[in-house]
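See structure below.
Chains here go by letter, A, B and C, matching the order in which they are written, and residues are numbered from 1 within each.
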Amino acid sequence: MLWEDLQRIRSEAPLIHNITNYVVMNTTANALLAIGASPVMAHAVEEVEEMTGLARALVINIGTLSAPWVKAMIKAGKEARRRKIPIVLDPVGCGATKFRTYTAQKLMQEIRPTIIRGNASEIRALLCSSSGTKGVDSSHTSDEVFEEACELSKAAGCVVSVSGAVDIIVDGDTVARISNGHPMMAKVTGMGCTASAITGAFAAVNSSSFKAAASAMALMGIVGEIAVERSAGPGSFQLNFLDILFSIQKSDIDQRIKMQGV
Amino acid sequence: MLWEDLQRIRSEAPLIHNITNYVVMNTTANALLAIGASPVMAHAVEEVEEMTGLARALVINIGTLSAPWVKAMIKAGKEARRRKIPIVLDPVGCGATKFRTYTAQKLMQEIRPTIIRGNASEIRALLCSSSGTKGVDSSHTSDEVFEEACELSKAAGCVVSVSGAVDIIVDGDTVARISNGHPMMAKVTGMGCTASAITGAFAAVNSSSFKAAASAMALMGIVGEIAVERSAGPGSFQLNFLDILFSIQKSDIDQRIKMQGV
Amino acid sequence: MLWEDLQRIRSEAPLIHNITNYVVMNTTANALLAIGASPVMAHAVEEVEEMTGLARALVINIGTLSAPWVKAMIKAGKEARRRKIPIVLDPVGCGATKFRTYTAQKLMQEIRPTIIRGNASEIRALLCSSSGTKGVDSSHTSDEVFEEACELSKAAGCVVSVSGAVDIIVDGDTVARISNGHPMMAKVTGMGCTASAITGAFAAVNSSSFKAAASAMALMGIVGEIAVERSAGPGSFQLNFLDILFSIQKSDIDQRIKMQGV
């Protein structure tokens, strides 16, 4: 499934519309290009609907949000709903500030994402706004929030993808666990945001949001593992990650994949 | 000509004022530094006129535009006209949304750029707003829009530089064709935007916009070819591109250049 | 001191709140991660106070400023003052435009930074707004502005860190000089901004702003030197810089450090 969908991304080059944060725009665009998708970044309220109208998936990321961007996110999200294309929401830093928590919840209600992808702290904060998170890093493990993820999935009617040492993807009571990846990935900014963008690419070619989210996390983890083996640190990791994402073969995936439940 | 102008850029370090998109700000600044120019990014309506007043070329790129930025682009562009410094316009995604097409056309009229540099879809859309483009990638070849490029050049009284497998640079009825480059360059975000910034650097040191545009595209293509030979994928390509742009010698250029018409 | 503080950064992972420019957000976030700190970028006026409230240092950089960002900078700065956490101000391009000079001076007055880190032209312009600077690069040496740096330090009651071939850090009449570094560092965009972010990380773990500023500049210079030795140009330099910052050992620092006055 992962391999077949990756082949589809490479051959179809689906356009992925990203409304994302300033920190990662370049790296997520490059990751989408490396996987074979076609990224577009556009945030002006004047054009987001039209841009979403051209796309096969919408990825919304609140990493460096501000009021005009939130407006655009909602407008784009509603258009994506109308067109029934998948929407990935990355609630970066949800729980760290009231504005982020409020915005993430507002986006949940108004655009009803297909997939929510975040770290454990963000997912917990999204379910229960009383949690305190430290900036944009996670202070919980994904397993610690397993029940919250299931609850959020049921309440919001969407797939919840929680990244961590073990990634957990839940769709109601269905759960997948992925044990690929490497701690070095947390030493590069925006790897979570990249995971969300790649999730959008898989969702563009697979109508099962659950499978798309699982494939994305597995591929991220596998590519990350190989990249770490070839890297002296987080600088060289970044370029190796893109090189490997661009050229990864079926055999690399088959040998390394550690996925349960899909 | 290319080599002499590159030497001038390296020795004079012309200040290039960029009002560009969030995705590529870092990479275009680094490309301008690598070639020997001095980049500045500034977009506040309060300061763009003054910043353009210090620069030897202005590069405007609508990749992630919004209303306040458009205002600043116009203000900066008018100051550049007044000072008679070259203006490069990169109409990123023109044709993809009405806002982009409208903005590109408005910029054309209000600031009258010296050089328009875009891909085939963007150039076609700029001439005839009825074309449909897919995001920011090109769905036409440069040769398919040759006549439109000539027409646009004459109508707008400027040089039109169309990137593609073969780059086409037109100035009225004069045309140059450059066959350097490599498909890998399309797998890295912002290579077109980098081409526009580099065009600005050449225009800063050569009063012929036609020659400047041709030199920039040839150098981009040559550096890209060498970088691909040393790279395992789009990640390592990016760093090799900067390394080679920084240190390229006359002999590399002479051996590889495939330029007709200049 | 440098090594002990670096160990503290690595073990405590202090959260550093950055309100910085678009060009360098990604690279400074990655530098902060590589050194072991935890970066967060947030600029919305709705959330900056709360985010600063979670942080152990605030870094303000006016590289691509605009009016709403200035408001947020002031709000965050006041909260940082209230909480008595260190504030690093990087007056990028101060002197190049009236808006930048005015904003830098306004920030000085309203938030009273703990450390000002800039190049010689910026420091001079901050003291005396009549100076003309060329874009964001420096046209003076740090030694040429030594007296201005002392004067600024006394007038503003803060540490002044001037980068250059020799970095000068002054705190009233106390001065440190650091001769590490390499000219290649000026060929990569945002190395100054990275220095400011790293200064924030050291200030988060050392209550002496003077020592923090000196450690940061020495580490930047040493890592830069090693990176240049392993690099073919400014592209590979960037990745080597991060790799080395991530893994640098005490012996590398001891062997190379050229610091006087601390």
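One rule holds for everything that comes next: contacts are C-beta pairs under 8 Å (C-beta built on N, C-alpha and C of every residue); 3 or more make two chains touch, one makes a residue touch a chain.
All values reported here derive from a predicted model rather than from experimental measurement.
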| item | value |
| --- | --- |
| Between chain B and its twin chain C, rotation from the CA superposition, multiple of 5 degrees | 120 |
| Chain B against chain A, contact positions shared by both copies (same if over half, else different) | different |
| Mean-CA-position distance for chain B and chain A (Å) | 32 |
| Residues within chain B bordering two or more other chains | 22, 26, 238-239 |
| Chain C to chain B touching residues, read off their complex | 21-24, 26-27, 63-67, 93, 96-100, 134-137, 186-190, 231-236, 238-239 |
| For the chain C and chain A complex, residues of the former touching the latter | 15, 22, 25-26, 29-30, 33-34, 38-47, 50-51, 54-55, 68, 238-247 |
